[in-house]
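One structure, pasted below without further comment.
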Amino acid sequence: MNALLTLKNYYLYPKNQPRCLGVDLKLSAGHSLAILGPTGCGKSVFLKSLVGLAPFSGELRLLDSFFHHPLPKLLKFPKRSLPIGFAFEKNALFEFLSVEDNLSLAGAFQDEAQTTQKPSDGERLLKQIGLWESRKKFPRALSGGMKKRLAVARTLIKKPKILICDSPLAGLDPLSAHSIFTMLKETVNTGSTLLVMSLQSYTLALTHFTHLLLLDSSGNPVFCGNIEDFYCKNPHIKAIS
Amino acid sequence: MKTPIISFRNVSKRYGNQEVLKNITVDIWPGELTFIMGPSGVGKTVFLRLALGFEEPDEGEIHLAGIPLSEMHISELSAIRVRHIFIFQHPALFDFLTVIENVGFPLLEHHPDMDPPYVFEKAKGVLRSLGYRGTFKKMPDQCTVGEAKLVSIARALMLNPKVMFIDEPTTGLDETTRTQVDHILVNTHRMKQCSCIVVSHDVNSALTIGDRILFFYDTQLHANIENPRKFTSHPDPLVNEFFNHGEVF
Amino acid sequence: MINLRQETIQLKTFTLELASRLFRPHTQHWNMIIIGTLRMIRTCLVMVILSSLFVGGILVVVFQHHISFFRADSILGAFASSALLREVGPLLVGFLLSGQCGAYVASEIATMKATDQLDTLSSLGLSDMDLVIVPRFVSIFMATTFSLMLSLAGGIVGAYLVAASLYDMSIYFFFSKFQWLIQWSSLWSGFYKCFAFGSAIAFISCYTSYTAEKSVQGVSTAVQKTAIRNMMALIILDTFTTHTFRGLMFVLKYFGVLS
């Protein structure tokens, strides 16, 4: 299977301080990577570096392109829109656009062929996330869970090969969290998407993900790799869960 | 006989056409660690804001510490608020003051005759006892989310409150800090005889440390779970679903 | 316009609250007020001096055209200064200050409101009026009033500089007819305007941001409203202050404050 995301000798630069992530990871479609760690350990910075919002150095293979940065640099995409979806921690919805427009905005930059089937796609997604009734509303009229669902759905409308979510379950009540996680899980289970997300719950990471990246409070990796390897190294955890 | 901290009698609240709370009648008693739970958007935060008089109900009556809010003058209300402290979801630190000044600020304002170095020493003690490990001289915007949360709790504890109203104390925090905050809640509750009313999504902590859970759903008080430590299942499937999902997330 | 009644009630409670707290001595916050005032003056000092020099210059250039027609060049300095003191100086610089100080404080207070800092104060049993609004109100008032007064002096200097460089006037010639045209009342009129504009900017900025909505949009709306309301108020106030000043002078003379 072709790897969608490969990392080697990866360094991050939060607050201009080099921080070794040093991880060797190889992820392909259908995999899911959970990033766990205390607050402020650089989970967001790692996710942002994958879409060119934070500098990194090292080797990175993303889809078909290969990047080798000996010096810290922002990732530059050859084309404007790669099939990568990124959901921000703070939703980043546009306050001046309605729910519908927020969703269709993501599709607006796509090729002609795909825009023709966009409306039905949007409708299906809106119904799936339960926002069809409130599609004319503006983001400020939505509850926290609804906003988050919309933010995640907005990344899904591009049918991304890599789906990156920054703490999509933080601050949600269990019912909303469940519905969002089911949505993400279904996307991964179709087998064409790689999911990379940071989260807070260890139980969830251990039960539903194929790969793990654990960071300590200063941002150094404690564990990185397959979940089976993790259980091999820590058999007592298998026993507990 | 004990008077309830808060008692709601047939309280309703609307925002425009949208009903947020409808016909709520509930008493919350002192000495308990009460959790208020429910899906987002059912008016849990509004419930707290109403209880402390930050907003007025459309119908019904609210008593805070046995006194009806509608008859209370603003000066009486602020005298009561010193003992009943609201901790907002957003840490809401004063961004023109350093961490230590933020913690000492309310005490210095209430007692201008107090010696500032003494107050700051006390503030450092409180911060350390909560497990704060950062420096004291930094500005709030340099704090991590977890640190800011601890500072905002410490600021409230400086006034020795009788009741703390806490809006989502663990939201956005990692598991270690969450457990830390839970410990803080239990400790203040036990040691200082301080009742806590907590709005939270964290089912695990509610089931382990709570004395009572009020479950809100669809503008109503849906269930009142006494003694959550022995909670196994509830006759209502909705409540069950909520708590089952909640143990994973 | 939609909620005129609610707005009126808000305005009334805010004004009463502010007035009752403004005249109650709360000495512990003097350092806060003084630091705030100095900081605000520092941020707008350069702008005030620079713009007031040019305001004086404009007046000289405009008047010179007509005055030279009557060959009354000696009156030019006094004429321009009188117009500057009585009318144009405070107004033009007031516009600039409403953007500089007013918008700054409005965005600060509205952000504090949006991030729950004001509610936190009242949840700690403290008064947000006493600790946030009143100090800032006094700071803007003092800073704007001082800057406006400074701009009057700056305007006269600017007028002289332009007259000296463009029309070769000596300093004696420029100031020679001052005692003809400029009485104490001109100066008082200028100061009276400075006070009025200062308090208007302070009041409007604090009121608009204090009653802002608690959201990101609330902050931007508050800043926008503050700018517009300040400018409107300055134009309207300018009409009234010119009109009421004569009445005020009469009253002051009657009580023997002025001779």
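When the chains are written out, they are named A, B and C in that same order, and each has its own residue count from 1.
The working rule: a residue touches a chain if its C-beta (ideal position, glycine included) is under 8 Å from a C-beta of that chain, and two chains touch if they have at least 3 such contacts.
None of the values given here were measured: they were computed from a predicted structure.
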item	value
Contacts common to chain B and chain C (chain labels)	A
Pair of chains with maximal C-beta contact number	A-B
Most central chain, judged by mean C-alpha position against the global CA mean	B
Identity of the chain that, by mean CA position, is farthest from chain C	A
Centre distance in Å when chain B and chain C are each reduced to the mean of their C-alpha atoms	44
Whole-Å separation of chain centres (CA-atom averages), chain A against chain B	32
Between chain A and chain C, centroid-to-centroid distance (C-alpha), Å	52
Residues of chain A touching chain B in the complex	36-40, 143-146, 167, 169-178, 181, 200-204, 207
For the chain C and chain A complex, residues of the former touching the latter	215-217
Of chain C, residues touching chain B in the complex	28, 115-117, 119-120, 122-127, 131
Touching residues on chain A, where the partner in the complex is chain C	95, 140
Interface residues, chain B side, partner chain A - complex	37-41, 144-146, 168, 171-178, 201, 203, 241-243, 245-249
